[in-house]
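Below, subunit A partners subunit B and then partners subunit C, in two separate complexes.
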Partner chain A sequence: MLYRIKIKMSAFLSIFLIVHVISGVVGIFLFGGVVLNALKQKPSFKILKWFSLLGFLALMVSWTISGGYYYVTYYGKAIKPIIQASATPWVHSVIMETKEHIFLFLPFLAFLSMLIIWLNKESLIEKPRLKNMAAIISFLIVFIGIAVSLAGILISGTASR
Partner chain B sequence: MDWYTFLIIIHLIGTVLGVGGATFAEIFYLKAKKDGVIEPLEIDYLRTIYFILRIGLFILVITGFGFLLFYRLNGYGEGLLNPKLWAKLGIVVILVLNAFLIQVKKIPMWLGASVSLTSWYGAMILGSWRTLDASFASIIIVYIIAVFIMAGILKLIKRYLKIPQ
Partner chain C sequence: MTDANKSKIIYSVAFGAIAAVIFITAVTIGADLYLPLKGWLKNVFSHHWVGKSVLSAVVFGATAFLTMIFSGQASEEKINKALKVLIWTVILGSLAIIGFFIWEALLK
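Entry: the complex of A and B
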């Protein structure tokens, strides 16, 4: 059974939440593409280059412009007190606290992966160690990205209960 | 057309591409392996199917998050804690990790193929079975059993078609 949430959110903040989620998911997918491509026997440098750049930009949008603004202006005031007063306050004290800290890694890891790819250009294909490093960092981005996405769903669900 | 209907249509397109792609990937793979050699043209077909499958997965995940946002912004956020939704999310995460493991050849092909097929069909069944009232654990247990049943079915098909292991 579904219940209507009591928290009012402005249209502006709703758009920020949508941008935060969608750009985050797109960023994770693009770095997933970097991993799958980098692990190929003959990777396409063009794909690695554009996927890493667009993935980095998507995560930056999700991280600073939308997520940061949403967190500072809305989460602390409207969502956090509801979760803390709920039957599962650990959703804030454990899940959200973890999310907001490991989330900080994403743009830096994305920047690092992009830097490895862009600085080495086509020669990256002939450098298996560097190529694998870019793949491992990108996989870490995907892994952390999936974890924070699931955490976000849990937090949103708990705040609506 | 409202947003919800739009999301349903696009989500269904993603499901069709994904489930169809996973099914045909397995059929073409078995056909390609039948003579013991995978020809360049067969590799090309398989690459195309995997590309479509990934497009399907992308559409499915994006529209899936679209649904979650729709529920959240329209005051039905309680649905985000539904165990059926979490089982579906778990299966999609397994599907993504399976794709990475197949790429790095760290999973036996029989298991990778079975996980892929079962996950796609499992996610589709969970999405369509509106009245299903089951716990997260029971859905995942059934899913794990289904993976091994699927592996057995694929093995029987290979044996029946005399496809080399």
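Entry: the complex of A and C
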């Protein structure tokens, strides 16, 4: 069966895929740290600042340099036909289609969360509603990020069966 | 930088993010319903997803810039309202995208 054929990927693309996964997971982890810290009565602004900045950069790497390149140059030609020919074509038509588009929300949310933290710094503690909004936006990043990561596991699993 | 300017930047970027999320949702669904749009994105940007990515960044930047220029002072109340709208836009946009692809793949 076509979907049982092992996929050959160049070392270059393998590295891009690994960087895409790791940078995405690191971004989610860092914004998880932002959520937990922002909800504290006395948050550490050093952690908020650096976690939000590094989280934003990690998501940018996952979006553009690694994920985008891998998706555009390899997924459509090598992985998509295998999934479409498998017993579960909806893994592409529903899961991958949703994943690749909802992911696009994340860099903008991450940039905004980072900006709220960096522009206000310690004075954010005097603006509890704004601090909570930054926490909710960061939570959305974590929630969507986890959903997108689980989708990625399902897609990889389907393609490598 | 003054507090007023900081607030105005956050307000403008929140509007940019709202516009980007609406654009991504609309162009994702629109390009699948109207295939010439998907073809145009592919022709101009080499891949429809690259087109959506680039154009969403342009929409984000342009909206934030225009809001920065044309909006008045941004109070904390106005910022909170804009952020609430953004949060709901993200939730509804996500549901619209997943709902659309479920409908297109399984129910159409």
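The working rule: the second predicted complex is superposed on the first by the 156 of 161 C-alpha atoms of A that agree within 3 Å, B and C clash if a C-alpha of one lies under 4 Å from a C-alpha of the other, contacts with A are read in each partner's own complex, and residues count from 1 in each chain.
In this text, a contact is a pair of C-beta atoms (placed from the backbone, for glycine too) under 8 Å apart; a residue touches a chain by one contact, two chains touch by 3 or more.
Predicted, not measured: the structure shown is a model, and the values here were computed from it.
In the superposition on chain A, contact of A:L119 is made with subunit C only, not with subunit B. When both complexes are overlaid on chain A, the residue A:K127 reaches subunit C alone and has no touch with subunit B.
Look at A:A87: by the touch rule set out above, it reaches neither subunit B nor subunit C.
Contacts of A:G32 after superposition on the shared chain: subunit B is touched, whereas subunit C is not. Shared-chain residue A:L104: touches subunit C; no touch with subunit B.
In the superposed pair of complexes, A:V72 makes contact with subunit C only, with no contact to subunit B. Overlap of the subunit B and subunit C interfaces on subunit A comprises no residues.
Residues 58, 61-62, 65-66, 68-69, 71-73, 75-81, 89, 93, 96, 99-100, 103-104 of subunit B are the ones touching subunit A in the complex.
Here subunit A touches subunit B in the complex through residues 1-5, 9, 14, 17-18, 21-22, 25-26, 29, 32, 35-36, 39-40, 139, 142, 146, 149-150, 153-154, 156-161, going by the rule given at the top. Here subunit C touches subunit A in the complex through residues 1, 3, 6, 9-10, 13-14, 16-17, 20-21, 24, 28, 46-47, 49-50, 52-53, 56, 60, 76, 79-80, 83-84, 86-87, 90-91, 93-94, 97-98, 101-102, 104-106, going by the rule given at the top.
Interface residues of subunit A, counted against subunit C in their complex, comprise 63-64, 68, 71-72, 76, 89-90, 93-94, 97-98, 100-102, 104-105, 108-109, 111-112, 115-116, 119-120, 123, 127, 129-130, 133, 136-137, 140, 144.
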